[in-house]
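In what comes next, chain A is part of two complexes: it sits with chain B in the first one and with chain C in the second one.
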Partner chain A sequence: MAAIKEKFEIPGKMRTWSLALIAIGLLLTIIGFITKGLSSEEHERAVFWGTLLYNSLYFMMICNACMFFICATTLAMGGWDATFRRVPEAISTLVPIFGTIAGLLMIFIVLSDKGYIYQWLDSKEVAHSKMIQGKSGFLNKPFFIIWTLLTIGLWSVLGARMRRLSAETDNGQLSYEQGKSFVWRNTVTAAMFIVWFALTTGSVTPWFWMMSIDAEWYSTMYSWYTFASTFVAGMSLITLWVIYLKNKGYLELTNQEHLHDLGKFVFAFSIFWTYLWFAQYMLIWYANIPEETIYFKHRVEGAYRGIFFFNLIVNFVCPILILMKRSVKRNYTLMTFMAVLIVFGHWIDFYQMVMGSISEQHVTLLSSGWLDFGVAALFIGLMILIVGRSLASRPLVAKYHPFLKESIIHHT
Partner chain B sequence: MSLKYESQLREPLVDGDKNYHQVTVDICTPIEVKPSKLWYVGFYISVALLLFGVYSVYREVVYGTGQWNLNKTVGWGWDITNFVWWVGIGHAGTLISAILLLFRQGWRTGVNRAAEAMTIFAVMCAGQFPIFHMGRVWMGFFVMPYPNTRGPVWPNFDSPLMWDVFAISTYFTVSLLFWYSGLLPDFATVRDRAKTKLRKLLYGIASFGWTGSTKHWQRHESLSLVLAGLATPLVLSVHTIVSFDFATSVIPGWHTTIFPPYFVAGAIFSGFAMTQSLLIVVRKVLHLEDYITIGHIEAMNKVIVLTGSIVGCAYLTELFMAFYSQNKYEAYAFFYSRGNLFSPYGWSYWGMMACNVLSPQVFWFRKLRRNVTLTFFMSIIVNTGMWFERFVIIVTSIYRDYLPSSWTVYYSPSIWEVGFYLGTFGLFFTCFFLFAKYFPVIATAEIKAILKTSGENYKDRMTPIEKEEPAEFVHQFAH
Partner chain C sequence: MAKKKFVVGSFDNEDVLFPAVKKVRTAGYKIHDVYTPFPVHGLDHAIGIRETSLHTAGFIYGITGTATALGCMGWIFTTDWPVNIGGKPHFALPAFIPITFELTVLFSAVGMVITFCYLCQMMPFVKKHHFSLRATDDLFVMVIECTAKTNVDDLKAFLTNNGAIDVNVQEAEPGWWFGRYDKDQQLIRDTYVQPV
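Take a look at the complex of A and B:
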């Protein structure tokens, strides 16, 4: 009998690509800093810091969504993902790293009073607006910084604990009692993660990090919408890595059946995202209250009109038409295409959520897209490098996971 | 090598030493014997309630909605509260049958049949309220959009109340089809076991001539999947549209974008609570503890704590936004009409919070999740809380409108409003008692499909597989 391939060797090409992407990304970011970040024009500075902000938030949150996936399946006693569980685990090792970048960036923005990013930091604006003054109990620097640190800190700590628990399944067969205790301890940690996730991604954190850019505007749906956007992108990211490893000859226990189920997740949560999108948009449009419609005014009728519809086409029309079919979800090439499309699509979604508020009149993606793609390249390069290393540092398969055998014979 | 493997760490879904025949006997026997005295008592009480409801509705139809205590500002009172409450309850069945089918949750097989039946009866109850709220119920057919000789007069397609008509009728149709198509093989089983001619004839008709051929099963399976696919968006759409009845308006406390998903979560929450209330009684009375196990009850309690917490998260989000929006009307709705315990309806808001958000948190503890008495008690608490929720949303938002001169006396329902509500309980339980007597309350065929992986007596046979090294397992599996 052939042994299960457990050791991932980082291919030379992968290292070259990641380093190249990091180099290009870093270069473009530095150029951006010099030309825009140090510019005398406020708008240019806003574009630079805004671009860094939405990229770091997006990439951090989609990596954290992978840990959310692990915890959610753990709580539901899911077994089907056991053969490729190490993949979302490896992606989630990025949370502390991207989290440090995003956290430092936001704290820097807040401490240096960049009112062109967060409106509530601009003392002139605040002096004019009774509304923003009234919010100061929430929108203030200490609370923002403490909550940001707590959010990212606990995501990282609880995620690391889940990964440490998973390492227990490398060493040898678990007895019935050991298995029970393993499942129990996983359940407890996963539950803690999910509760914290609900309090952060599901409520307070997106209000701080993104919604407060338009300090006067509000929508109760905002956080759940952000969650849906990052979760579907996170599932696509897992799919991409699984397919990559399959193509390199690893993960032989993962097959079309698992791919099919990943595809179902991507499909279902694309529709779920659209549902939340529609509920938020339709209710604001229907009630037509100026305080609320102001958010969509320039997005639908102004400069962002193209992005607005593009967002819907990529993230709704494409998945529903293409992923509906069973054969597509079982096809490695098409799933790769769709996963890339959706990771890109929700990046665009984050772009319009953040930049649509910072640079209302100009779609910077069209005028200075090199910066957007440059910063994204930096994050993608880092992701390839670090996920590759995490995968190589541990066995690729959680060999003695109690549900591994269920996952091996899994069929949809 | 057999594909029938499931980890021993999973709790069995069927307890006891069962084989296929035993399953049939256990589930079909209650249909074949005379019902107990308790059944008759329950059934007659239900019918009595139903008759009281019929009389209450009769008064409303003859004398008009003046029979209810609706007033100048509270134009929606118990009627719409009860409507939303019943529709919400009608969510668990389809969630269990469709979404849990797609998520391959094996435990659904023990509870899906009864939950689906409950769904259908709950939607039937819900439908009564908007229909009789019309006042001139004989004009009810005006909601149907067809070219007519009345002008033509078309219904207002911009109105969410109109969308409700379509959403709920679609939901009812699909749920009914789903439930009934699942019943076909089980009806055939009852038919084949029938001892009297009449029984054979009736169950024969009900089973549409099911023979159990491979072809039948094949079509049955594809139909289930197609209906599950159709029903999944419907689980979300119905309560989404019900939430639009409120959220599309500009009434403080109603217009908030989180309403659709939070209504859906609340609906599932109350639906599972009602399923618990019913099944805890059913399993005891019909001796089905082996099929509706403590594990099933625990799984449903997990759904309850999940959805209850989602709902709690939404309540707090709304409360926070009432502050954050700095909108004084929202602040009045949330901090005075609701949040202030000593305002006229403050008690209902805090009652809702206690029942829906705080009390379900007991289910974080495994011991308490597996406690049947507590679960039964909690299921009643949750449904009381969910009734409060709808009452809070409706009445506290409208009893003081923008024009203080319209503010009227305290709204409390008339006896006929209460009678109407009790009547729907009568309808619901009458239907459910008949269902429990004449229908297989557990999906026999589906239980058989999971018996050999999840039955208690089959679990021991997994031991050799559990002991195998993964590589060895893969090797054997491949050959």
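Take a look at the complex of A and C:
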């Protein structure tokens, strides 16, 4: 095992690219802030803050999905991911950073907003609507702020604990007793994370952060839908980083067998996402109750029709047709293509979830797409920079992980 | 069908089996099959069996199911017996999707089970020769088909040198025939290996 490269060195190109993306993104965001954020028109301001909102939420949640992946495999006693476990760990170091951005943004919106993003903050609208009044026990400022802080805070703390535990496997061979205690403490922390994840991403938090933009409308499937969306994008993100590191000659112990399993995850959860997408859509379509169909009205029949079906093609038709074959899941080029496509596709999904409600009449991606892509570039640049750094700060392979051998001989 | 001559080597350890399989293949012998008590990872690659086409068959069955469901429902609700259900369009695609999904799964599942049985030649009353009964218990049994050129004594020695705990020669029917295991089962005494 002496031959493996343990230390990731950040290539100059990567640093340049990430800084360039951050610079472009920052520039476009500032231009957006001046032209839209400071605009006297309420709609323009809503577009600016909404764009920041869905980007920060999307990138924070796909990074958090990487920690969910680690915790889920830990709880399932899965060992196959041990050779590349440091990659999702490195991605999840972004959760506190993106979480701070998203949290501050949302608290700012909630405190300053007069209802142009979150409908329930508009006192006039609330006075008219019995439905929103009925939800006031849930949709109110203190609860929103406290729950947001708790959500992001606990994600960060528990994620950091998982990473700290993982660092124990760098120092030397674990004895039988140490190994047992390592696995046990991992299991406990992972279980705590999963429970909290289920209470947040799995149920309450997306209702707050995104669904309450249309405060009158509700769907109990919304959170699961958000979870599926972020999880499949998170798995694609892990795949991208693993392939990048393989290309640079790192992660010698990770091979096609691991790629195949990552591909299976991406494939399976694309189908799972479609299942939830369809279940949510069909029930509302079938029941045909005006207060429910309002959400799909401008998405299926209005301005967002194109985006709506594009979303389905990219996130369902492409994965099911392309990723179905075993040889594709074992092919680095095609997996890179699919991973990029899916990260982009679910970004579009988040776009239509948030902006479809804020800017109902026209698609801002077509009229002012530079802002959307600019903000996304900012987050991607930050991601490349910070993930690169956290990969470089620790050994790439948890050398003394109890399940490492299981992962090396992994065979699918 | 004509009976063929087989050399049967039994191994008690998969770590011995793998190198033996490799050596037998490089020596140019034709492996008929290897029978193991449990699925051994990577053995199919080692023997050089081609990838199964079961999944392709499954895909075709699935597509057939999708087409059947959509075609059938589409025809019934638009042409054969159009009924206004809740003011929905006659060709109500979202409402058809669950049934389409179910038929896709049903067709591919049933079709694949039948195809699997066909590929493995498994059916009620279909009987095949057992080279060693202990292949279902604790031995890995490698069966090598003899050709006209095969020197049986050399092959037997070769297998023994490569770790086989028992080697014997059998004249057996390679294919299947109709019969009943409970009626005409006879213990194959010469394949029985004393416990080591």
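The rule is simple: the second predicted complex is superposed on the first by the 409 of 412 C-alpha atoms of A that agree within 3 Å, B and C clash if a C-alpha of one lies under 4 Å from a C-alpha of the other, contacts with A are read in each partner's own complex, and residues count from 1 in each chain.
As a working rule, a residue touches a chain if its C-beta (ideal position, glycine included) is under 8 Å from a C-beta of that chain, and two chains touch if they have at least 3 such contacts.
None of these values were measured; they are calculated from a predicted model.
Asks: Just checking: does A:389 make contact with chain B only, chain C only, both, or neither of them? Give me first, second, both or neither.
Replies: It touches nothing on chain B or chain C.
Asks: Answer with first, second, both or neither: which of chain B and chain C does A:15 touch in the superposed model?
Replies: Touch partners of A:15: none, neither chain B nor chain C.
Asks: First (chain B), second (chain C), both or neither: which does A:286 touch?
Replies: A:286: touches chain B and chain C.
Asks: Which holds for A:141: it touches chain B only (first), chain C only (second), both, or neither?
Replies: The answer is neither, since A:141 touches no partner chain.
Asks: Applying the touch criterion given at the start, work out whether A:5 contacts chain B, chain C, both or neither, answering first, second, both or neither.
Replies: The answer is neither, since A:5 touches no partner chain.
Asks: Does any part of chain A touch chain B in one structure and chain C in the other, and if so which residues?
Replies: The answer is residues 286 of chain A.
Asks: For chain A, which residues are in contact with chain B within the complex?
Replies: 1-4, 75-77, 79-80, 130-131, 134-135, 137-138, 173, 176, 179-180, 183, 191, 198, 202-203, 207, 218-224, 253, 264, 268, 271, 275-276, 279-280, 283-284, 286-287, 289, 291, 397, 399-400, 402-406, 408-409
Asks: What residues of chain B sit close enough to touch chain A in their complex?
Replies: Residues 3, 5-10, 102-105, 233, 236, 240, 244, 247-250, 255-261, 302, 309-310, 313-314, 316-318, 320-321, 323-327, 364, 465-475, 477 of chain B touch chain A in their complex.
Asks: Tell me, which parts of chain A touch chain C in their complex?
Replies: It comes out as residues 278, 281-282, 285-286, 288, 324, 326, 411.
Asks: Which residues of chain C touch chain A once you look at their complex with the stated criterion?
Replies: Within the complex, chain C contacts chain A at residues 41-42, 55, 59, 86-88, 94-95, 97-98.
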